[in-house]
Amino acid sequence: MTSERPLFIPVILGTTRQGRMSLPAAKLVSQELGKLGGIETEFIDIAQMPLPTSDAGEAIKDAKFAASMDRADALIIVAPEYNHGYCGLLKHVLDSCLKEYIHKAVGIVGVSAGAFGGARVIENLLPVLRELGLVTIFWDVNFSTVQKVFDANGALLDSAYPRRIEKFLKELIWMAKTLRYGREHVALD
Amino acid sequence: MTSERPLFIPVILGTTRQGRMSLPAAKLVSQELGKLGGIETEFIDIAQMPLPTSDAGEAIKDAKFAASMDRADALIIVAPEYNHGYCGLLKHVLDSCLKEYIHKAVGIVGVSAGAFGGARVIENLLPVLRELGLVTIFWDVNFSTVQKVFDANGALLDSAYPRRIEKFLKELIWMAKTLRYGREHVALD
Amino acid sequence: MTSERPLFIPVILGTTRQGRMSLPAAKLVSQELGKLGGIETEFIDIAQMPLPTSDAGEAIKDAKFAASMDRADALIIVAPEYNHGYCGLLKHVLDSCLKEYIHKAVGIVGVSAGAFGGARVIENLLPVLRELGLVTIFWDVNFSTVQKVFDANGALLDSAYPRRIEKFLKELIWMAKTLRYGREHVALD
Amino acid sequence: MTSERPLFIPVILGTTRQGRMSLPAAKLVSQELGKLGGIETEFIDIAQMPLPTSDAGEAIKDAKFAASMDRADALIIVAPEYNHGYCGLLKHVLDSCLKEYIHKAVGIVGVSAGAFGGARVIENLLPVLRELGLVTIFWDVNFSTVQKVFDANGALLDSAYPRRIEKFLKELIWMAKTLRYGREHVALD
């Protein structure tokens, strides 16, 4: 049987950009996650992290972030698309850990001002997340023209999103439970 | 508990090219897999498949291939790197199935005549395998300058490979067992 | 000065799938190209090509295709997105040439039944086209939910496309002229 | 005819990591570039740039960096591979400009501690550089097991590199000259 403790699934807001529309998107996903029973979560805004820029490796590890990653069963990464790639500071943060991620699930929420829902940043992240030892699920959430999905106060204008997010979360939770069983019960021998 | 039947892990030789050096590479991986207990395998050479080229979708599905994918717990794809991408005929075959792959593990064996062990074809395959519902493990096998790894008769010249393959297979089997538990015991609700 | 002969820009329809909606998309792009002065073109439907599947390399080179590539100043590739990647048979065809492509421009027309305009197949093709020596321009055409862009007879239903195609073609022609100047006048020494 | 002024090709050292072995690699490329006639260059170490982390877009633009990009005919990006992707701070810097890059050439120097010469970071950068309007050439320089290519003082231990770099630079210069001709003489109409 899998362990009894609740799953712990932090949501990482992967940008520091001023006026970032990924903030209401991340808040919405976080809120939908909170509605499900048996899940603990944490909202990690990389703009609030004290990571220095004088290094680009594990040496800059932030103790609190590493502890969250270590405790996590799965991650949700909210990733705006900048020039078809990921936000540099998101990568800077992700690169600071490694063994904390192994055999855990990750789901990506792509965000873009354009019509394609961050589809390209998701593709760009795949090899990185795999190398970190994370398992990317095959459902995404795509926020297209995000500036029309939320109003200026962050209120949701498009009622189709909660159901899409729910589908994504169910897949993520399935994978989180499955991988936790593996970490706890399947020998790597 | 996970089910008692042995894992079924086919090896797909992903090229039809004449004189393909991926053949001895695939044979070696297949043979190392056979040495492990509790695993059933099958050698699927796409050059032997009757898939027509008059379509490029599920309509061309080969019944035998689909049955193997349906029964599989994990796949090993031996993928030579052609112009930094995957062999077109490998993709043609993979695109013929879909639901058969969901929530199963896949490991990639990259093969190249150059020095980089098919590292680029592996990256190129990641988004495709994810969309197919497969879970790509984070260990690979990389055959670099493969024409020096085997002699003209396919005999292994470099004794470092079996140990690397073993490490890769252990990770693949871990993921195959873990995902099988999930498919059999974790509800997607 | 650049040479006086007209630019030659073939359009490659990159799928053999039955009922492919990429056909009207390719026809539209081809027709818009034909409206511009000083361009010669050719419609290359890979479903009409006699390439055998008993090899996956240059040995299967089709003389007519190779001659077109050799004469081309630029290519337009109409690429439907299958499982986030390219059609296998398109890759099979592209891999049959190499030196014919060097220092020539290429523009990609992504096609998908979903909302994201083939954005992912475009990303998936980039490393391949680069390795072939082609220069991918930074404008694309994206046909989203293509089954709504054309009716069952292939007639265009969305009048926004011709202007987008024109913008794409201007960039492609700029790059084709620029690279032709380079091939003819700039020494590689 | 192309303009008479010398080409300006900055070298960007794309990491801030302590003990970074990309530093001697970048210095070597820079030095080989300096040996060629008719080229001006500049060594841009992103560790020396004052870019703040309180934003992730053009608002953080550094005037000196933007002026260099604006003046550049081509770029050389020295990119270590971190978890199969690019250094976050390199992306942070690149995202701060846009129009300055359009229709200019870029060559990538991949660096890794492992055997594959940064082949994966190069693939990961391609969609980003394209979206920035840059034209990535199809030759790379790959520093594999870079810690064995240079000694602790940065002295070159492997004499094969200068010739590889020369080949790369010739292609980059060809593309830089060609694109400069285009920017100056080919109308985008």
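Note that the chains take the letters A, B, C and D in the order they are written out, and that residue 1 is the start of every chain.
By our rule, a contact is a pair of C-beta atoms (placed from the backbone, for glycine too) under 8 Å apart; a residue touches a chain by one contact, two chains touch by 3 or more.
This one's a predicted model, so the numbers in the text were calculated from it and none came from an experiment.
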item: Set of chains whose contacts include both chain D and chain C; value: A, B
item: Chain whose average C-alpha position is farthest from chain B's own; value: D
item: Pair joined by more contacting C-beta pairs (A-D or A-B); value: A-D
item: Shared interface numbering between chain C and chain B [over half = same, under half = different]; value: same
item: Chain A and chain C, separation of their C-alpha mean positions in angstrom; value: 36
item: Between chain D and chain A, distance of the C-alpha-averaged centres to the nearest whole Å; value: 30
item: Chain A-chain B separation of Cα centroids, rounded to whole Å; value: 29
item: Numbers and ranges of chain C residues touching at least 2 other chains; value: 84, 120, 123-124, 127, 130-132
item: In the complex, chain A residues that touch chain C; value: 84, 115-117, 119-120, 123-124, 142, 144
item: Footprint of chain B on chain C - complex, ascending; value: 15-18, 20, 47, 51, 53-57, 59, 82-95, 98, 120, 123-125, 127-128, 130-132
item: Residues on chain C engaged by chain D in the complex (per definition of touch); value: 2, 123, 126-127, 130-133, 135-136, 138, 170-171, 174-175, 177-179, 181-182, 185-189
